[in-house]
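Multiple structures follow.
What follows is subunit A paired twice: with subunit B in the first complex and subunit C in the second.
This part shows the complex of A and B:
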């Protein structure tokens, strides 16, 4: 009998471990990583779909990026510049990105409901407004769960954060999909803790002690085999596979010239790491760029932030295209919200969710498309209003998934994407 | 006083004639038609000594302790060891872990510090306070007196939020996870009712932290009025329901109605913590622990059974309902009744379980059993493997490394192996960060270093015995002794080689589980 595994209207997030580790008595949970079956060959690698999210944390201004309104009361000081798509203009703070416009689809009519950092982030990452009694998995967990991995042994759901520690700890962002699909964080792009063999342990000693450990386990398992002991011994094999691929996490192994193209700053390094990980076959990578929360001096801050973002983003699209990966990698540039068209008395823009923009590129996306419109000074959506649910459908459809299907946590159907929305067909290839 | 002494004496005399542990074994044996042919033999001495130390003292035995037990030829040595361990400080420490995790489920400490809480539990376990008295104290303390405040941690650290507290009261003390019934009667479990949920919530409905949950030393204040109301989300007519405070189908309490103007001992006012003349919350403690509420003792013994045997008679321990019956219903009734008759004496219960053949059975499946497609874990034909808890692991690793005490690293192990806060730890998981921590983490290497250094001083022929006794609490097989000898012969650096051997034993499944 399935247990009701969620609490209504409580602050506690209540999908229990027991629930997502499956049927009664199944004690063999394999940890937080999405391990695909080994043996994925080159064919699979080619067909493999991946997702990269660039999250402009704090709330990027749509007016200083994808939907400029020069010469209006809200437009601010920057010009709109032409792009590689005739008729499409974006803000002059993105000159390199402008040359990539033929690869981009821009959605200019997003109303995301909540001008709050935390709620906005949940809304954008899950494609749903918060709902009492249930937590939905974020895009990364959904992608890691539904898309085949090209990197057996590596986690399927990674996020590169501006700072903080790295670790494979269990996070709640996979909700009922379970810790296997929860994100693994790489704080400042650092490799996870304890990934590297200690200096005083030689490869030979390491191999020898592993052999001895295996012998002990084999003897123990002869008469005491259980799902739990299997899970434990298997976790060492998994660890071994990740350790062997450890250099994937090491961005220093890139050609310095490539590193120069991405820019010698944190975001450049983080985006280069993202490319390495995607190239290695990781299903989903999210890179956060901080911080766009510009209540003061919006314009100066956007010069600085977008100045960091513009070049490596363009370099990344070029790299993915050069490697033949852009067709199979969905790239999304999003944020938890936009910023007010009204400029406040500190030359800042405040929180805003009613009419802002998101850009997409790569797998399944029609390059050069622009969907939706805001009013002349950007204070409202004028045409084709969408919310994060439409985007969530679009992301999944773009990588060849059917967003109208269900997950079945505890044998109860839960739609993968919000059934009240549908994919934005105009930007799908 | 005299009466209770006489009663206790009568119970003791009765126990001497008809002790509980053989009755437990009889009930378990009756639970499978082929029990006599299929059940595993008793654990051997090495298996038993490791298991007893882990379960009753929270760590593995020292080499000297293992040797002493293995060499002891007296027939009563197992019962002797059980009593020795139950009287040791290790038992207190181990039961503090058990109570802490049972009650707080690894929530972050917010209102009562870990030190104060553990000290409170330590005193309770050291004095073997009756479980019902302990719970009564924890649920009735309002946290206002700094001296007794740690008792209120269960309520205070949940910020006395009505719904999380209601849910956990039911899960922890009544064995029933009725969270679903917050919004409607449970759709498939016929007796998890919304009225049961709100009957429990009604005890708390008038209480809140004062001055507010945001204040670190907040205490519990209570109003003299206010009732719960609830609407089923399934009810199209949206009918408002209410219920008096009630525990699990027990009688509703007749609430005294204080005279007008005398509703409060301390009346509500600005910056004043209100204390009513009649407190619903104080009623809760008595109602939950009342002998009439059989779910209380039933849940307590089921949780202690799960601690000792690796699974509850009702499994999961917070999932007691007619659709999920106990594996041995009569046994659960027997244990509950005897626990109440023995004045909710936890140590007595632990001792009785430890004395059973069921507890002392080998975890190695005999040939007849190994042939079966699957061995039903709830028949206790063979001892269940129990993963070491975070605390057990910290202490066992320290003992294996030659650093008994191990207290320094408990926090590290809790953070790594403690699981998600606010959830019962039902299933074993081995996450990659945990495995990398064991594999390459500097913390473990540091803890194990003294053992390697000590082993390095021994003559070659003594190393294998000492190594296996110190980490796995058993002597090596001939093959294993040869492997150790070969490794030593090949070694360029003797201490380094030994430190990797120690690691291999610690990282083995045999070490990770209490078997």
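This part shows the complex of A and C:
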């Protein structure tokens, strides 16, 4: 076993403190030589693949998006509209998206098991139900770990949040993959407040200061190196790399006409930023749109939220295609759950995981495909039930990875994707 | 009829439908209650015969309903027929139930749906069919009203527009543009020269129908909130009504919202003095969480509103801004209708039942109300 260089003298951790503790007993003392089967990243040496997740927070209604049931007891007031794929209809709230249907694959038979926000999100992002004793890395960390980066200077795992602060590498979403692959958050699409060097600090002084910090850090690490100090060091390293490419985060550099196409609102700006980041070579970007947790007046709120989503999403697909990036960028539209077919007495829809939909596009995806079916009023899966494990396999297969391989934390094989599931071949190109 | 006492209001009938109701309106005579439902139908309940008739033609939910082409003839017809029937029961037993119902006065119903369509119906016909369909709005048509002279239909919706139509042929007259958001409701002033409309953000516009211009905005913004937690707007006038003399305009909805997506807020009605635009806010006396979905000025001088959240209520106000009486409704109340003579009111229940209330006491020995027929 290679020598541990941490102060605790156990094996090489490369995990966050929380991830380490969460995995104690099962994956403590992680193995040293990488987490994937040898050569996994090399599979993508020919072309960099990227992943973009649009996460509709709170649980978007499948009936108001991908699986409308007009004129049924659950259908609500909206109509289904034709799309660019003959025979495929989606909700009228997505008229621009409907013109992109030939680029989309829709999965209408998802049973994600848990109608709980937190658990549902973990299930959808890790492709597994929660297990005692181990935390699995989210899709972003897996993609950042396994896909070749096109932007060595930028983090591989970025998430654009609707609001809140921005920060580097403090999330537990990488689990045993370690802080290097943890998400960097951009609250409201803004880079960390101290991204740019203050005007009163000269480049020379800044460099001297950083050099001094690095010396102190190295000296400390010689005797007290730990997962926590690694996370700290990685955060600084990420920040330094990002600072050098700060202009990538500045959507104001875009042609105003392009910004108009995306829409002059937060989500439009965030999706435009996502495109810039992907274009710059970032491996994985997740954009969250808030909020769809519509227990009350579901229909009014979906008009407003999907009214924001529809146009910039379609513009983004067009842009990725126009730039030749769509073939190498997997795009996924998901939530942590769907919403009840039954309309409650406040015109709301409640939490629901038993039969809902996601949409995919881009790299490795068969555009125009629709897989799975729900019953006439959407209350159950009628055909080809899948769960998040199938989707996780599909995401990885779509970008050319083998989801049946393993990570090797603590020299113990941990399947990259849930071995009880398999990729949904019908939607793979 | 003696002056109605809100405290004397009692449940008279329960008119049942299989699907949740959305809106309700009495026809000008008060004989029929029209109730729209989540199955895209409008159900017509005949309060004289108990007959229930489905108006089928919409492909989406209907919330706006208004009547054209017939003057209000008063709802004495219902009571008179029931008195005659009761007399026959007394002398001829229940064979008296065969007493032929009077022929209803002709009138036109205009209904508005969430696909943006208006449909004209012969409301008194045995089996009403769509007479005319107008593609009125892009997106939802949220409300419809008919001018006091019965010649003009006004509609509003999610295309931010108020549109005027000729009642007799459905042709477009004028579009009133100026709202910056979805227009939730509208009402004609009783003098027929002006129209008020209210949008999502509580901006009330006072339109001059001769010029098509909004001469002023009134502020009902306390009925709107942008929920920064969920990053979405909630608001709008769920009901609008002028008092019969035109001196007051009410906009009802939800205020004090702390959680838009759970409907945590309180019902409220902003009542403007139409002359000077000053507002007062009517609120329930009780602590109640929900939305006011219907409002009416009673001819006797008091006001009433219906709403729902965790159960349904009807509140009454006289001289104070705090309600003086409340009725509990067995389901969330999604709309309120007041008959033209003020003798009855009804609420549309989220459980599929329309609850009809009366201010009159039940005559001793009167037979139970005729059950609705399917």
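The rule is simple: the second predicted complex is superposed on the first by the 341 of 429 C-alpha atoms of A that agree within 3 Å, B and C clash if a C-alpha of one lies under 4 Å from a C-alpha of the other, contacts with A are read in each partner's own complex, and residues count from 1 in each chain.
In this text, a contact is a pair of C-beta atoms (placed from the backbone, for glycine too) under 8 Å apart; a residue touches a chain by one contact, two chains touch by 3 or more.
Here the structure is a predicted model, which means the values were calculated and not measured.
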So in the superposed three-chain picture, is A:290 touching just subunit B, just subunit C, both, or none of them (first/second/both/neither)? second
Is A:205 touching anything from subunit B or subunit C once the two structures are fitted on A? First, second, both or neither. first
Per-residue contact with subunit A, leading partner among subunit C and subunit B: B
Examine A:375 and indicate which partner it touches, taking first as subunit B and second as subunit C; both and neither are also allowed. neither
Answer with first, second, both or neither: which of subunit B and subunit C does A:231 touch in the superposed model? first
Enumerate the residues of subunit A that count as touching subunit B in its complex and touching subunit C in the other. none
Note: in the complex, subunit C contacts subunit A through residues 19-20, 38-40, 59-61, 113-115, 139-140, 158, 229-234, 260-263, 290, 308-309, 331-332, 350-351
Mind listing the subunit A positions that touch subunit B in their complex? 1-4, 6-12, 14, 16-18, 21, 25-33, 133, 155, 167-170, 179, 192-198, 200-201, 205, 208-210, 212-213, 215-217, 219-221, 223-224, 226, 228-229, 231-236, 238-239, 242-243
Touching residues of subunit A toward subunit C in the complex: what are they? 58, 70-71, 73, 76-79, 162-163, 266, 290-291, 293-297, 299-301, 303-305, 343, 345-346, 348
Report the residues of subunit B in contact with subunit A in the complex, numbered from low to high. 161, 163-164, 167, 177, 179-180, 182-183, 186-189, 233, 316, 319, 323-324, 363-365, 370, 377, 385, 387, 419-420, 422-437, 439-442, 445, 477, 480, 483, 487, 496-497, 500-501, 503-505, 507-510, 512-513, 515
